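What follows is a pair of complexes built around chain A, which joins chain B in one and chain C in the other.
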Partner chain A sequence: MAVGKSIIRKEAWDKVTGRAKYTNDFKEQGMLHAKLVTSPYAHARIISIETHEALAAPGVRAVLTGKGLPLTGEDMRDRPPIAADKVRYYGEVVAVVVADTLVQAEQAARLIRIVYEPLPAVGSPREALKEGAPLLHEELDRYERNKTTYPEPGTNIAHRTKIRKGDIKQGFAESDVIIETSVSFAPSDHVAMETRCATAEIWPDGSIHISASSQSPFMIKRLIHTYFGEEAGKIVVHTPLVGGAYGGKAPVQLELLAYLATKAVGGRKVSVWNNRECDMVTSPVHIGLEATVKIGATKDGVFKAMEIVFLFDGGAYSDKAIDVSRAAAVDCTGPYHVEHVWCDSLCVYTNRPYATPFRSFGHCEQSFAVERAIDELAKVLQLDPWDVRRKNAIRPGHTTPTQVRLTKSNVGDMPACLDRLRELMRWDEWQRIELDAYTVRAKGISGGWKTSTIDTDSSSGVILTFNSDGSVNVISGVVEIGTGTKTVLAQIVAERLKMNVDDVHVKMDIDTQTTPEHWKTVASRGTFMAGRAALAAANDAIRQLKEIAACVLRVTPDDLEVGFGRVFLRDDPAIFIPVKDIAYGYKFPNGNAIGGQVIGRGHYILRRLTPLDPETGAGKPGPEWGVCAEGVEVEFNRRDYTYRIVKAYAVIDAGKVLNPKAALGQAMGAMSMGLSFASREGFLFDEAQRVLNPQLRTYRPIHFGEHPTYIVEFIETPQIDAPYGARGIGEHGLLGMPAALANALSLAAGVPLNELPLVPELIWRKQKGDSYGSL
Partner chain B sequence: MEETTKCELVLHINGEQRTVITRQAETLLFVLRDELGLTGTKPGCLNGDCGACTVLVNGTPIKSCMMLAIETVGKEITTIEGLRDTPIQHAFVRHFAFQCGYCTPGFIMNIHALIEQHPNADQSTIQEWLQSNICRCTSYQEIEAAVKEALQAKKTDIQPSHNRISRV
Partner chain C sequence: MVPFEFAYYRPQSIAEAVAMFIELEQKGKRPLYYGGGTEIITLSRLGLVSTAAVIDMKAIPECRVLDADSDPLVLGAALSLTELVEANPFPLLTKAAKEVADRTARNQITLGGNLCGQIFYRETALALLVAEADIVIAGPNGVRQSRINDLFHQHLQLSRGEFVVQIKVRRFAVELPHFHHKRRKQGEIGYPLVTIAALKKDETIHAAFSGVCPFPFRSAKVEAHLNDRRRPATERIQAAVNAFPRPILHDIEGSADYRLFVAAQLLEDALRELGETI
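Up next, the complex of A and B:
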């Protein structure tokens, strides 16, 4: 009925008429505004901060500095919300000015005098790991951390994940050929079109009200409790529509500043809103990476061993970068069966903006490294790169790097994805052709897979309330960040209750006081977890409807079915009662009543997940592995090194496509983001690690007209315990794009391209200069 | 200091006359959003780079972060709140030409002007007009399909069918 149809998004008309409201659209008379004062240095000691003049400026209500604040961080508490003794990245917050208007706050911010003593800045993970490199966190051994974080005090290593599967020595001994490839790219940014924003106020009863453009409203509540000792029950977080997130709005940062600011002005409402420059460097960014991949294989191209070192550029603070580095390790081989695996994945501190999840959560990074290596291997063995991937494709019965046994349900059909990709791309016809003296066309492919690595006890709840007309309201903690998950939930509910999806209404905004918790809207787990909760809530409502109807119709509940707006007798549907007559309880003709409003409730908690063993990595990080095979076709100009991305392909195992147009949009949007990242995005740093391009003019994502033709298909291998079999698909489109583009361009230019972004200058440099140099 | 530079402006917005008292140096974007509550117009960069703030001034798409409100006195301003049931809005809904919706008002204003001024726009005209806006969620292919359908609808003067679409 509703599932499998391209149902128009529930908030569609709000979004095309300007009615849709985002955090910064809620203005209030008397609301104060904050301006962040940020560091011009990437590494420096703060000698003094002089705020008198700023405090005396017109309209200024408070100036906040970092003295005496608790350290924050989800896995390890290493970050002061406002820098106190030293700054560790360019753009770090040093003070916050609160004033009546934003203009006044900006003017006063210029009056703050800060004296710094610059320190040598660490620019990349390899630099940070060098003997004698400046330490970012001298007190690394003293930070509070959770049980699964393993920092190495005295170094710049925030965390190391080890994967030890099989016997790596034996694997290499059994190999006919061993190749090694190194790749690298600098940190970049999410660039959500809505910059981050948070407001906070404290009411006279002590309750704290926060509004935030966030993927984690429930986490904000939890963390403000943890960091500042506020009672969790008194913290209320509101999240309206979010204008793009892609992982970048999962961390909690501005919310803490808004909370501190409102406290400083007696609870008045304060808004903290990032301008674009702050949003790009002050707030967390997309992680950078330096990696080395060593593959051992037989001469037929069968993988025997993989040894992988990931050095993630976590930036100045570990935040969620620790988790990202772990996620890449968990799936380090890509969607291939490898018996002997050795991987060390490090989250390294550098004096760069700190990193946080980016759509695909460590996986486009992982796949760029491994898929480049696979193409190099195929070249050495003179094998077809597609064949090599097909030969090693992961299947049920294999185990993952963390030694989870795969089943028909918990992994998608990788061979099928590869087979279909080959047909779609007409792979066998040609992989490289020269159109004329200067123009070359080439194709590149990549495999991809991903599981989630979220908290093992993550849960999601859904409440369904019935209206007197028999229609239903869906209340879920999933934030509508653009993925359309709330509409999909309405489809799931409509399908289960066998009703028209137009009669299923969804509550878009989150209010943590009235919305059941959904851990975080991340990791493409919204549909799975909230979907399961929605099904449970629908079942609960059905039970209640049947109970009331059974009384009215004088039958047992077991004889009844719910659907089409009625509760009816299974063997004689002519005997029924309309849902609307019992949605608020039933009143008998004599005035007696039974029931009451039907309120369905359901929840779902991830099950049987375990943390990784610190020595071997063995453990079960996520419920299922979605897989994909992707390709890119480029047209490369050998004269000026420019290129055009002609076509981009993805075949994704979606389990079950619940809303075809929404699913296509998710896949293509993710592909676009992946191509943009791979072809043109990345921060430029000077020697002092200052970011030179924190603006959309100098950091330029793909614009209209630069997009290729997208060709997307879905395979449907159901995940048995997911709603209607659906797997997460929000990230897969992205994760193969950087590797596929690099593989296509390497073939076109005839030189290995192992760095991002793949700008013409890089290709020129690689061809003219150190033709095999990467790092 | 800023108080001394405030002035009263009479603006024509979406067919209505609105009076505001604002700083002379205030951009049209902030006057629309903060003084007039027209929050459909979005800030994305305040630097002319993203197009999220696009409105029409005398029918021409303008980035409202790059124009002072005072410059628009005597001109007709149209914001997303002033568009109702246009072909491009319908086409956007049908083609899923948005996800988070944040860039959407800017795109729609731009495309609406394109359709009005170039009902026969070819590929290169579409490209030239639309490259001023950034969308981070979609692949642009959806937006392209919506533009082409809306142009077609305008040409054949067939109103898109409303029936499949639930409206508030």
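Up next, the complex of A and C:
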């Protein structure tokens, strides 16, 4: 009825008319404003902070500094919410000024005098791992951390994930050819349209009210409880619509500052709102990477062994970067069967903005490394790069790098994705053609896969209530970050209740006091987890409706069906009672009543997940692996090194497409992000590790008019335990884009291109044989 | 957010604007003439511009003139780049204007603002330099007109309190064969690695550059090499590139040697398009 149709998203009208409200749109009289004072150094000791002049400035209510604050961090508590003794990245918060107006706060912020003693700054992960490199965290051994985080004190290694599957020595011994490829890219930004924002206030009853532009409202509640010892029941987090998140709003940062600020001003409401520059460098960034991939294969191109080193640039603090480095390790080989795997994935401290997930959670990064290496292997073996991928494509019966056995349900159909991509791209017709003396067209491809390395006890809850006309309200903890998930939940509920989706209303906002928890709106898990919870809630409501109807109709509930706004007898639908007449209990003609209001309740918790074994990585990190095959066609000018991305292709195994237009939008949006990241984004640092382009003037994502034609198709291999078989698709469009673009351009230019972003100057330098990256 | 308070004035005439400027200057308000405001607003946010008063030029009739049929054609300094692009009175200038910033910003950015901006690319100046346009300037000493080439050395040499009223381009210059190209680090939006505007008048090539140096320029030495037809084109181009003023920009948009590589190629394109034998 509703599933499989392109239902217009429920918040569409609010958005297209400009009426939709985001966190910073809720202004209130008397609300105070905070200005973040940030560090101009990437690494420096704080000698003194003089705040008297700022405190005396007009309108100023408080100035916060880092003294005496607890350390924070999700896997390991290494980050003060405000820098205390030293700063570890350019843009780190050193003080927070709270004033009546934002202008007053900004003016006072300029009056704070901070004396720094600059320290040598550590740039890339390789630099950070060198003997004698300055240490960012001298007290690494003393940080509180969870059981699955393994820092290496005395080094800049925050965490190491080890994958040991099979026998790597044997794998290489059985190989006819061994190739090695290294890739790298610097940290970059998510560039969500809405910059991050948080407000906080403490009411006279002691309850703490936070509003946040966040993917993790429930985590904010939990962390404020953990860090500051506030009673969990007194913390209420509100999240309205979020204007793009892409992983960047999964970590908890400004919320802590808003909480500290409101405490400093007697509980008055304080708004902490990032300007674009702060949003780009002060708040967590898209992780950077240096990686080396060694592949051993037979002369026919069958993979025998992969040895992979990922050095993730976690930046100054480990927070979510640990998790990202682990996620890349878990799926380190890409969607290919490899018997012998050795991978070390390190989360490395550097004096760069601290990192957090970026749509695909370490997987477009992982793909870039491995898929570049596969193309290099194909070149050495003089094999077709498509054939090599097809030959090694992962299938049910194979095991993943963490030794999970794959089934028909828990992995998508990788061979089918590759086969369809080959047809769509007309791969066999040509892969490189010269149109004239300078113009070359070339195609590049990449595979992609992803599971969600999320907490093993992550759960989601849904509540359904009824209105007096029989329509339904869906209340779920999934944040509407632009993915349309709430509309898909409405479709799932409408399908199950056999009713019109227009009669299923969704509550867009999250209020952690009244909305059942959804762990975090991340990892493409909204439809799966909240969808399961929604189905359970619908089943629960159906059971209750049938019970009441059974009484009224004097039948057993087993003979009843719910649908079309009625509860009716399965074998004689003419005998029925409207849902609206029983959803609030049934009143007999004589006034007696039975039943009571129907409240559907459902939840879902991930099952049988385990942490990884610290020595081998063996374990079950996520519920299923979604797969895709993607490609890019470029037109490259050999004279001036410019290029145009002509077409971008994605074939994604969606399990089941629940909302075709929404799915297409997710895939295309993700592809666009991947191409933008790969072709033009990335922070540029000077030698002191200051970010040189923290502005949209100089950091320029893809614009309208610069897009290629997007060609997207879905394969449908159901995940048996998912709602209607649907797999997550929010991220897959991105997975293969960086690698496919690099593979196409490497073929076009005739030189391996293993760095991002792929700007013409990089290609020029590589072809000249120069190194690049001095700027 | 602009972190300081400022007064906004909107004079209706040249005389009123100048008088206001003098008065505000005397009061220590460090006034700024205000066209589209894109630069004042964005640089104020960053603490790179500060003022207590802005004087908006957009209500001064002379600054809003767009006379495309006269000779010379007259372009008011307060016309937005979008207006110039849409009216297209001077195709070479249109090509330059169309490549500045993005459409939303061009709706705001004015011709005068782009010529006088702090952000040093000032790409509309290139078209005016090669066309040898005249520039009408108003200030405390009245209104004067000069050849832009006499006034533009890296930036427009204006005295305190002076502002650009109009640009006048002689009709013959509008119709000359020309070339314009802007090459960026990547894509179609952003600052130039190199922008070249060139035209050919009486067999002589005029060429002006932005992005090569931290200022736009037109150089007699460079043009002498470009027009030295005794030598093959590749040598002329190499000599012209060698004669570029210094320093060559070396920054986050691109390295110096890459900019010179791009400049040489664009010069080759320019010569070819202007009918030179390559």
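Here are a few things to note about the model shown:
Just so we're on the same page, the second predicted complex is superposed on the first by the 769 of 775 C-alpha atoms of A that agree within 3 Å, B and C clash if a C-alpha of one lies under 4 Å from a C-alpha of the other, contacts with A are read in each partner's own complex, and residues count from 1 in each chain.
Just so it is clear, contacts are C-beta pairs under 8 Å (C-beta built on N, C-alpha and C of every residue); 3 or more make two chains touch, one makes a residue touch a chain.
Because the structure is predicted, anything quoted here is derived from the model rather than measured.
With both structures placed on the common chain, the touch criterion links A:191 to chain B but leaves chain C unconnected. Of the two partner chains, neither chain B nor chain C is touched by A:66. In the superposed model, A:335 lies in contact with neither chain B nor chain C. Touch criterion met: A:11 reaches chain B, while chain C stays clear of it. Legend: residue contacts after superposition of the two complexes on their common chain; A:385 is shown touching neither chain B nor chain C. When the two structures are aligned on the shared chain, A:241 is found in touch with chain B, with no touch to chain C. Looking at the shared chain after the overlay, A:22 reaches chain B, while chain C stays out of its contact range. When chain A is checked against chain B and against chain C, the one touching more of its residues turns out to be B.
Shared-chain residue A:103: touches chain B and chain C both. Of the two partner chains, chain B and chain C are each touched by A:703. Across the superposed pair, chain B and chain C both touch chain A at residues 103, 107, 275, 697, 702-703, 705-706. On chain A, the positions that touch chain B within their shared complex are 6, 8-9, 11-22, 24-25, 27, 58, 101, 103-104, 107, 190-195, 241-246, 275-276, 481-484, 502, 661-662, 664-666, 668-669, 671-673, 695-697, 701-707, 709-710. The part of chain A that touches chain C in the complex is made up of residues 102-103, 106-107, 110, 275, 277, 639-640, 642, 679-680, 684, 692-693, 697-698, 700, 702-703, 705-706, 757, 759-761, 764-765, 774-775.
Chain contact summary for the complex, chain B toward chain A: residues 1-2, 23, 33-34, 37-50, 52, 79-81, 83-84, 89, 92-96, 98-105, 108, 127, 130-144, 164-168. Listing the residues of chain C that touch chain A in their complex gives 1-5, 42, 45-47, 102, 183, 185-191, 250-255, 258, 261-262, 265.
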